Structures are given as C-alpha cells and as structure tokens.
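Note that chain A is present in both complexes that follow, paired respectively with chain B and with chain C.
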Partner chain A sequence: MLPTNFATLTAERPDLAPALDEVAEWIRNHPSWEVLDPRELSKSLRDIDTWHLALALRLLVEKGFFRQVYKVVTPSGVLADDIFDDPRLIPDRLPDRWNQYFDTSEADVVAVLAVRE
Partner chain B sequence: MLKVYGHMKFDRFTGNEKVEDSRLYKEFVREDLRIVLVARWNNPDLLELRVQRDESSKRVRSWLDQLWLMLEGALAKGDVLSWDLSKARHRMIDEVDKNEEVYSFRDTRLEDSLSNRVSFEAYATQGNLFASEEAKEAIHDILNGKTSKCTHLSVSWLPRKDGTPSEEYRTLLGNRESNEVVFGGKCAAKEIDYVTDKLRYFNR
Partner chain C sequence: MSVAGQGLPQADAELLSDLRDLTIAIQKDPGRKRLIINGWYEKTLKEKGAGKAELGMLLLNILNAREERTQGVEIHVVAERPLVISLHGIRTRAEWQKELSASITAAGFVYHPLDYGFFRAIQLVIPSMREAKTKWFLDEWTAATKSVRNPPSIIAHSMGTYLVPRALEKYDELRFDRVILCGSIVNVDYPWSAIVSADRATRILNDYGGRDFWAKAAEWVVNDAGPSGAKGFKDNAGGSVVKRYRPKFRHSDFFYQANYEKTWIPFLQGTDPPEVLAVAGRPINWKFQAVLWAIILAFVLASFFAIRHVRRIWPHDSPRVTLNVSNA
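The block that comes next holds the complex of A and B.
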C-alpha cells in the first residue's frame, strides 16, 4: 500500500491538513493502487478545494513521499501497465489490457505519483 | 523441451512522414529482434508452446507456425486438442470468494447468451475488479445466462508464503484463442508451472 502517515506534514502545514488527511484516507480505501492519480483524487475528494489538493500533492512530492511518474491511458480509458520516469521515454506502441497494441501518440499521458524508490 | 533461438530484422515505422511532389514518404528503421521460442511437454498431458510477446500479432502467429514446423517430425498439430480454458475462467469467477488468498481479477470480457460483448476493466493497474460489489454482481449475473461465457480474464496470482509466486503475478487467460495464456513481464519456469497447475485444477 502507498504511504499514509503524513503526520509530520500536517504539523508543518496545518492549512493543508484536511487535504492530506483526505488523501491518506483515500489511499487506505484503495490499498491495491500502486500510484496516486490526481485526476481520480480530484473526482473522489469533492469536498477538498482543487487548489489545496494540488498543493498537498506537490508537498508530498517535495518532501519525498512520492515521485512524479507518467502513465498512458489506453483507448478504453484505463491506465496501461507500464510506468515511465520521463514522458519522452514512452514507446510508440504499448499493449492495452487485452494485449492489443495501440498507438501512444494518440493517447493521453497522465502524471501520477508513485512511491519514491 | 525444444528451445529455438533466432533473430530477425523488421521495419519499424518511426512516425515521420513527408510529402514531396505529391508523393508521401514514410520513414522506417530496420531493427534486430532476438527470438526465443520454446516447446515443452508438461507431463502427463500438456504441450506448451511459448512465444514472446510482440506488438505484431502476425509475427506471433508466424512464430507459432515455426514451432509447429520444427515439431513436425515428432508431433503434428492435428495430434493434439487445444486446451480450452473456458471452464477454468468460469469456475475461477464462481469460486473467487473461497480463493481470495490465491488470486484476484483486474479485467474481464464476457459474452452473453445473445453474443453481446461486455468488458470490465479496473481503472488502476493494480485494481481488484471484485472489490466493487456492483461489478461483481453484474459479472455473476451475465455469467448466469445459459450460454454466456467469459472469453478473457486478467488474473493476479497473489504471493504465497512458500515463495511461488514470490510476488503478485498477472496473466491474461484467453486472448485470440481460448487456450492462450499471456504472461506479463519476466517470469520463472516455476511460476509458469504454478499457473499451469492451477489452471489444470480449475479446468476440471
């Protein structure tokens, strides 16, 4: 499961505490997720102002809890398996969930947060 | 076991195009591809044909044909029946609750009694489709149809205390053919054997 203990951060930035708590709760409710997708978070955490959510996520990256990586959205709208440190490293074609390769030049690339290695 | 090593050249389109004098030019680069094909008799009753994943289904089919050609002296394609895994997919879905420590599902494709196709895909790459009660219920409902079937099932084999599999391992059961199993990423022979043994059990 992704990290959920952000106590040091909430003490440091009490203005972002509600957003950080919500993010931690969301992670606990989605234990199998290997990345945090800001698009999914903003859809799920409607009570949190988008600006505060963005700041909270940025803080999590700055403080080393997560690193920003990239994933490609398949034609059916879900995330493809591969993770890329740099969007320029995305190959021309990738397999979707059904092992059918699609053209990545036409696909959305999503910045997501993964655990820092 | 028969192991075949080889290499081939193929032309990959770079995406660069230009038009000159009403002629369209597309740029291709010629690349080397290393090939490893395996045919293995898995005692007592299974012939495994292993080919690598590739973006070209045509190339994958040609490698399978190549394997059959090399086996020709000992075994012809008509000598064996294809191992239809429909029953295993259906049974694994039916018995998911009592096997929650063995596997989970991420994606599936179903065909109902009127041959309508339905796909379910967890959004996250590590998602568990049956964590959603709505999805679980809908999948069971469709499979309750008299002639409905599961054509594709993406299975996450969960790590076991004895170390096989040592980490979560995903396979796609069913693809272009009902007997096709796609292994994601690198895997050891013992993991292939583990999955094969499980499929033997669930296909009974």
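The block that comes next holds the complex of A and C.
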C-alpha cells in the first residue's frame, strides 16, 4: 500500500495541509493502487485547488515519500506497464497490455507517483 | 475555477505561463505531442531546475484531467504577465496598434490596445469632449487592470499622449509602470517630477521628432497642449524622462517594426534606448540646385511664350458689335 501518514508534512506546510489530508484519505480508500495518478486525484479531489494539489504532490516527492516517474497512456486509454524516470527516455513505440505496439508520439505522458524502492 | 489564487511568486507565474505556451504548441501540432513535451521538459530542467520541470509535468496532467488547460492557466497568465496598454491618436483607428501586437506579445507582455473610435480634429478643440475622453480612458484603465497586481505600462500617440498626463493629473488612483509617448502634444513644462516622485509612473520615454508639425500646432488650438513631441520636456524628473529625439521624424514616423523591437520593447523591459546618432546636415548640392532652377526658369519662360503665341492666334478681344443708332 502507498504511504498515507503525512503528519510531519502538514505541520511543516500548513498551507498544503488540506491537500495532503485529502490525498492521504484518497490513498486509504484505494489500497490496491500501485501508483498515484494525478489525473485520478484531480477528478476526485475537486475541492482542492489545482495549484495546491500539484504542490502537495510535488512536496511528497521532495520529502521522499514517493518518486516521480512517467507512464504513457495507450490508445485504449489505460496506462502502459513501462515506467520511465525521465519523459525523454520514452521510446517511439511501446507495447500495450496485450503486447501490441503503439506509436507514442501522440500519446499522453502521465507523471505518476510511485513508492520509493 | 481557479488554478491558483492571486499573489503567486514570479517564478510560479512564469511556470504557468510556460505551461500555457506548451499546451498551445501541442494543440497546434498534436502529432508531435511527446517531442514537444520533451523539449519543454529539457528547457525547464536547464533553466529552472528539476523541481520546476517535474512540478510542471504534474500540473499539466492535473490541468488536462480537469480540462482547464487553456481556461484556467490563461486567467492567471494574464494576471501575472506585465500588461501594456496602447492608445492611438485622432483621425485614425491606429493600424500601428495591430502591427505592434505580435512583437509585444512575443516579448512576454499581455497587450491591451485601446480604441476610442474616430475622433475628429474639431472634437479635440472642444474642452468637454476632451474631458469625456479622459474619463473614458480612466474607465478603460480600471477595467484593464482589474486582474493585475502591478501597474501597466502604456504606449500613446498624439491625442493619446494628451489623455495620459491629463488623466494622471486628475485621477490620483491612476498608476503606470513605463510610459512611452510619441508624437506628443503634451505641454513642455508638464510636471513629470511630481508624477514620478508620487510613484504614479516609473519611467517615461519621449520619442519625438523635429519635423512634427502637429505637435507644434496643437497648442494653438488646445489650451493645455504643447509641442513636447517636437521640442521635448523641460522637466526630466531627475533623468526619469528619457529623451529620444529624431530630427527628421514627422508626427507618425515612429510606427515601424524595428522601432517596436529595438526601442520600445527593450524600454518596457527595463533598458533605455541608445541615443540617436547626430548626423550633420548635408552641404547644399549647388550643381543640382543650378539644374533645378534652370528647369524652373525654362518652364516659366516656355509658359510665357506659349501664352503670348496663343493670344496672337486667338486675340483676347472679341469682335465688337457696333450699333449704329441713328438719332431718331
């Protein structure tokens, strides 16, 4: 399960406390998730301002709770399995979940938060 | 829906601005989405560091998911980029404002050209009409600056140069960052020191020309006008009024791309223009003058002989009808 205890951070950054609390709550409600997808979070946490949500997620990365990695959206709309540390490392073609290769030039690149290894 | 509240630090406002440019670039060329994102990421990484590049990627995804990519970012980019207003002269709708638009936007400014319609010369003479336009200008300034924190800069020509100082004198709330005047009809003893010391304007550029007939003529028909567009200002506010004298310029000779890009935009960005090189007058070309006068003399003589010849053929006096009236 992804980490959910951000108490030290909320004390350090009270301006981001509402966003951090909401993120923690969301993770608790989605225990099977392997990565934190900002797109899903942004749809669910509509009360949190976009800017603050992004800052909160970035803070979680900077403080070592997560690492920021990149995934590619397949033509069917799900995230491909491959994970990249840098968006520039994404190859021109990638396999989807059925091992069919697709062109990544028009695909969305998603910055996701994964657990630190 | 807001992306961020007012009062973002400059660096964050710049990041939002960059993201806006990124989304526009992707919309224009969706087939190269990944390459465009990679280019943006690499540039941000180099110029602003990994933190900003990665925060930008997160923001992009969130904005995308909330479908705010253009709307939300636009609002705040508009709010944070420096605003430049422009104001045209009379008897024109100012094509130059359109010409200026591309350069000034590319330089990172939000551009807001004002148009008060076609203002006739006769309207300029009537004080109440000038007063009405000054109030109109205040209202436009108020609307344009509603969502910005910092005072805007302004570029004004001719009648526009009349409105800016008059509005500054009358309405204490009015504030500008940098002021560019060209073809100015403001009186030469305008109290710029008082304006600058009260933080109502940061710096003024007077782009003026030695052959500006209208700048010289304005004071003859408008009580509080003056020839600063031809002679400059007396009060330079301790150097805050920058003079750029162009000896051969007429009233509307300031409107060309190089002047926008080499003089005005750098001034708006904080760099004073270099002084205009003083070129000595050319000596009179007596050979050319002799030929010119010879041609004129030949034309006059030819006209004289031609008229005389015609008068000989067709005598001017019409035949007289003589009436022999015999005494009854």
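Everything below uses one rule, namely that the second predicted complex is superposed on the first by the 117 of 117 C-alpha atoms of A that agree within 3 Å, B and C clash if a C-alpha of one lies under 4 Å from a C-alpha of the other, contacts with A are read in each partner's own complex, and residues count from 1 in each chain.
By definition in this document, contacts are C-beta pairs under 8 Å (C-beta built on N, C-alpha and C of every residue); 3 or more make two chains touch, one makes a residue touch a chain.
Just so it is clear, the model here is predicted, and its values are computed rather than measured.
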item: Simultaneous placement of chain C and chain B on chain A, clash or fit; value: fit
item: Partner chain in contact with A:A54 - chain B first, chain C second, else both or neither; value: second
item: Which of chain B and chain C A:T4 touches, first, second, both or neither; value: neither
item: Contacts of A:S76 with chain B and chain C, given as first, second, both or neither; value: first
item: First, second, both or neither for A:P38, with chain B first and chain C second; value: second
item: Chain B versus chain C as contact partner of A:S105, first or second or both or neither; value: both
item: Chain B versus chain C as contact partner of A:R93, first or second or both or neither; value: first
item: Which superposed partner A:E62 touches (first chain B, second chain C, both, neither); value: second
item: Touch count on chain A, higher of chain B and chain C; value: C
item: Smallest distance from any CA atom of chain C to any CA atom of chain B, in Å, after fitting; value: 12
item: Chain A positions touched by chain B in one structure and by chain C in the second; value: 40, 105
item: Of all residues in chain A, those that touch chain B in their complex; value: 30, 32-35, 37, 40, 71, 76-81, 92-93, 95, 97-99, 101, 105
item: Partner chain A, residues of chain C touching it in the complex; value: 1-5, 8, 12, 30-35, 37-38, 41-42, 51, 54-55, 57-66, 68, 72
item: Touch list for chain B against partner chain A, complex; value: 12-15, 53, 55, 106-107, 109, 119, 121-128, 131, 152, 154, 172, 175, 182, 184
item: Contact footprint of chain C on chain A as seen in their complex; value: 38-43, 49-55, 57-58, 61-62, 68, 70, 86-88, 90, 104-111
